[in-house]
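Next up: some structures, all given as structure tokens.
Here come two complexes built around subunit A, the first alongside subunit B, the second alongside subunit C.
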Partner chain A sequence: MIRWAILIAILVTSVCLALRYGQISVPLDVLWNGLGTNDGPGSLILGTIRGPRVAVAMGGGFVLGLSGALFQTLFRNPLASPDVLGFTSGAGLAVIFAVSFNLAIAPTIAAVAGGVFAALVVAAIAYQKGVETPAITLILVGLGIGFFATGLATFLMTVLPTSSALEAQRWLSGSLSGSTWGNAGLVCGLGSLLALFALAQSRALGVLELGNDMAKGLGLSTEASRWTISGTGVLLAAVGVSLTGPVPFVALIAGPLGAVLSGATTVAGRLLAGGMAGAIVLVLADLVARVAIPNTQLPAGVFTGLIGAPFLLWRLGVEMRKGRV
Partner chain B sequence: MAALCLIALALISLFIGPRDIAFDSFAAALQAYDQYDAEHVTLMQIRLPRLWAALIAGGALGVAAMVMQVVTRNPFADPGVLGINAGAAFFLIVGTTLLGRADEAFVAVFAFPGAALMALIVFALGGGFLRDINPIRLVLAGVAVNALLASLLTALVLLRQDSLDVMRFWVAGSLSQATTRPLFEMSLIALAGASLAMALATRFEAFALGGDMSQGLGVRPGRVLAGALIVVTLCAGAAVSVAGPIAFLGLIVPPIVRVLSPGDLRLGLLMSAVIGALILLFADVLGRVILSPLEVRAGIMTALLGTPLFLWVARRMSPGQVS
Partner chain C sequence: MISLENVSIGYSERPVIDNLTTEVPQGKVTTILGPNGCGKSTLLKALACLKVPTQGCIRLDGIDLSTLSSRDRARKIAILPQHPIAPDGVRVGDLVRRGRTPWRGALSPWRTEDQAACDEALVAVHLQHDQSRTLVELSGGQRQRAWLALVLAQQTPILLLDEPTTHLDLVYQIELLQLLRDRNRNSGLTVVSILHDLNLAARFSDHLILLGAGKLVDAGPPDTVLSADNIRAGFNLQALVTRDPITSAPMVVPH
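And now, the complex of A and B:
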């Protein structure tokens, strides 16, 4: 329980820090006074400037982290997260595609379509009849699909005029600068619905973790559960990507980080902790991106990339020593 | 066979493009170059340098990939996948941004430390120094390094907006700017790398036999690896300097070479250079005509062509299936 309290405390502190600091720092009591009023610097910061941004970071980080924890548990491999598996690249490509051809599609819908499509392609290629697909095959195939999507996105970038290319580049690297309360509402609404659905699957997930034969013996229809859980994970990731852009590695880091911080042993606990860790990572990454260089806003994705890449390498080392990769 | 294909494709590449050129004017341009004739200028000032760039970059990447795959015994080893091209390009872009574009020949020097550094890092992270190079680990190390460089690059571009255009055209490998690139110097460097690879070929082969066997043959692993590193740095650096980071070309070349000429690595290296040049040229010509008048960069074409191969290897490598 204490560790959960610490996890919640870290999240609350991160949110407070993210609201307090930026191009101008605002003392917490000013923020507090701004709560519930309509004028003054506090309410301006909370209501228009940093409030929506932090809310989207929190919600987006949560769904990405939850999605990562879901896939890592499902495939019993800490490297199997939606960014490594190519789903986020697919979602990102779809949004860039919609932007460059001026399609009148909401980015959320484009992202979901792209994410689902990428997931289906990965599944179709990695699927082998009669064998439980090894996580390694999925990871390699996912990386390949990710490369392909990135290649196409780069191509679209070269065709766009410079102004929209800059916008696209910013979006592709994962930025929260355009966040509105509408975005925040969307991610929180859809996100909590999907999160509840994911948590409802945690019992099936726990049984699946015991291995396919065991799960079948316990009376679970394994194929159906796998598809439902994967589908939920893809949707979660796509909702996150549509609002934050394909921020690299949040989903990858969140699961293990949450598990370490919370010490959770149950599947539901790990999923929840993964989501919270994702929220913490994204809120802090966005904060650092805003204050790292004065008068310049970097995309949060720059920092999740800088943290995530060494993390991936470290995990790789650990997995190697355990002889699992 | 392959050489004949290369020559045919090279000729095609000269005559196809936004301005189609008849064969007669090529002969005429060779005999009596007329600097006021638009066709002659296009041919000699644009198409020919571009063709040359494709040959150098493709050949150099083919050799680099072949050496990497032999030494690491890994079908995924490709200067693009493993982040070596990205390292060279990153250093180039930083150099260009800091120094301005005044002297591209000088800036190109940056590509080599970039390539060498990334090759060393990925090799170390992939377990190379532990004598335990795991293919999947190597690929993931490459992915991580690529992601890290991409993040840094984004930061740079957003801080210095003038570098966006530099980046857009560097990051996706392209041959369209061949005229401004130091082609002659880079062909010499690529040639030096390829010659070193030829000289070391037998040792690479002995090293690839692994542990005891290669020691029995008197191979010193440290020296062989250092040699391979120099080859890869020279070849990949030269290729990136003329064409930017061309993705996945290194995945495509070695499997084809192995089918065409199994056995002697020296012949294999020669074939890799020819096949690499052939494929890059093909990608370039295809990219020029496929969405004409829009041009798809050669680097994107190779990425799109190479992905199916990557997926095929990924599936074949999976445990539980005979490879």
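And now, the complex of A and C:
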């Protein structure tokens, strides 16, 4: 319980820091005063400038982290997260595709379509009849599909006019600038629904964890459960990507980080902790992106990449020593 | 009682189990014996519906197993596979709770009867004081008993176990087999397991099913099944069959 309290405290502190600091820093009491009134710097920062941005970072980070924890548990592999498996790149590509060809589709719909499509392609390539697909196959196929989607997105940007291409480039590297309360509402609304659905799957996930034979022996329809859980995970990741861009490695880091911070041993606990860790990582990454270089706003994805890539390499090393890769 | 009628399992051109007709008596301890690769595991999986026969029919009290829903089947037959996967950092209590899966809806709350089943299962395997320990902290014997508690919490009249004593020291093997037999004697649980040790099987079983290369060699009480002829037929092994001086069960001594 104490560790959960610490996890919540870290999240609250991160949010406060993210609201307080930026190109200008605003003391907390000014922010507090701005909460009640409709004018003054506190209100402007909370209501227009940083409020929606931090809310989107929190919501987007939560759904990405939850999605990561979901896939990592399902495939029993800490590397199997939607960013490594190529789903977020697929979602990103679809959004760029819609923008490039002036398709009148909401980014969320495009991202969901792209994420689902990428997941189906990965599943189709990795599928072997009659055996449970090894996580390593999925990871390698996913990495390949991810690179392909990212490459295609970069190529598509060449057909865009320069200004939109720059904007698309920012978005693709995972940026939270330009977030609105509408975005925050979307990610919180859809995110909460999907999160509840994911938590309802935690019992099935806990049984799948014991291996296919054990799960079947306990009366679970293993195939149907896998598809439902994967579908939920892809939707969660796509909702996140549609608002934050395919920000790298948040989903990868969140699961293990949440597990360490919370000490959770139950499946539902690990999922929840993964979501919260994702929120913390993205809120802090966005904060660092805003304050690192004065008068310049970097995409948050630059920093998640800087933390995430070494983490991926370290984790890969650990898994290789364990003989699981 | 589980009855198998002309059951073939595996690939149609090369069946692992070929045209097997036998039965598993109710309320008894049954052991499946046979050399490596003879299809013991495949047979056990078919009894739990993890494998579907390509031919023939497996009936439980006259009902075709394949007509049962997976949940209904899981309320009648539990299986402990040879290599269940232990989730990282899982605690004994949490592991055993998962045995209640077939009795719970996706969203139904944890009921007193679920808790009672888990408590009872933990007491049966002598792990009632170890609920909050993680599985990795336990010894090999304790770990296997924790898995056993999971399938006992499933509260089925039939329990299948795939090589439950493999990788255990002799002391723990005997402890586990004793536990299974006590469970059978006290609550009428039908136990079907795969064992490699013929002498332990003879000592702890009421009924043996001896397989040799996908075919039935013999089935019945240990006294009749463990004959020198059957062991030659099943294992291609010359052996002397004598009496265990302690239990007077048949004892196989290879030449």
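Throughout what follows, the second predicted complex is superposed on the first by the 325 of 325 C-alpha atoms of A that agree within 3 Å, B and C clash if a C-alpha of one lies under 4 Å from a C-alpha of the other, contacts with A are read in each partner's own complex, and residues count from 1 in each chain.
The rule is simple: a contact is a pair of C-beta atoms (placed from the backbone, for glycine too) under 8 Å apart; a residue touches a chain by one contact, two chains touch by 3 or more.
Bear in mind the structure is a predicted one, so any value in this text is a computation, not a measurement.
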Exercise for the section: Could you say whether A:219 touches subunit B, subunit C, both of them, or neither, answering first, second, both or neither? Expected result: second
Practice task
Using the superposition on chain A described above, determine whether A:206 touches subunit B (first), subunit C (second), both, or neither.
Solution key: second
Exercise for the section: Determine, under the contact definition given at the top, whether A:266 touches first (subunit B), second (subunit C), both, or neither. Expected result: second
Completion exercise
Counting residues of subunit A touched by each of subunit B and subunit C, the higher count belongs to B
Exercise for the section: May I ask you to decide whether A:44 touches subunit B, subunit C, both, or neither, giving the answer as first, second, both or neither? Expected result: neither
Practice task
Mind working out whether A:302 is in touch with subunit B, subunit C, both or neither, as first, second, both or neither?
Solution key: first
Practice task
Mind working out whether A:10 is in touch with subunit B, subunit C, both or neither, as first, second, both or neither?
Solution key: neither
Exercise for the section: Give one of first, second, both or neither to describe whether A:173 is in contact with subunit B, with subunit C, with both, or with none. Expected result: first
Problem - For the subunit A and subunit B complex, residues of the former touching the latter - result: 79, 84, 125-126, 128, 131, 133-134, 136-137, 139-141, 143-145, 147-148, 150-152, 154-155, 157-159, 162, 165-166, 169-170, 173, 248-249, 293, 296-299, 301-306, 308-310, 312-313, 316, 320, 325
Exercise for the section: Please name which positions on subunit C make contact with subunit A in the complex. Expected result: 45, 48-50, 70-75, 77-81, 83-87, 89-91, 94, 98-99, 101-102, 104, 106-107, 134, 151, 154
Practice task
Using the touch definition up top, name the residues of subunit A that touch subunit C in the complex.
Solution key: 76, 200, 203-204, 206-207, 209-211, 213-214, 216-221, 259, 265-267
Handout entry: Interface residues, subunit B side, partner subunit A - complex
Key = 81, 125, 127, 134, 136-137, 139-141, 143-145, 147-148, 150-152, 154-155, 157-159, 161, 164-165, 168-169, 171-172, 247-248, 294, 296-297, 300, 303-304, 307, 310-311, 314-315, 317-321
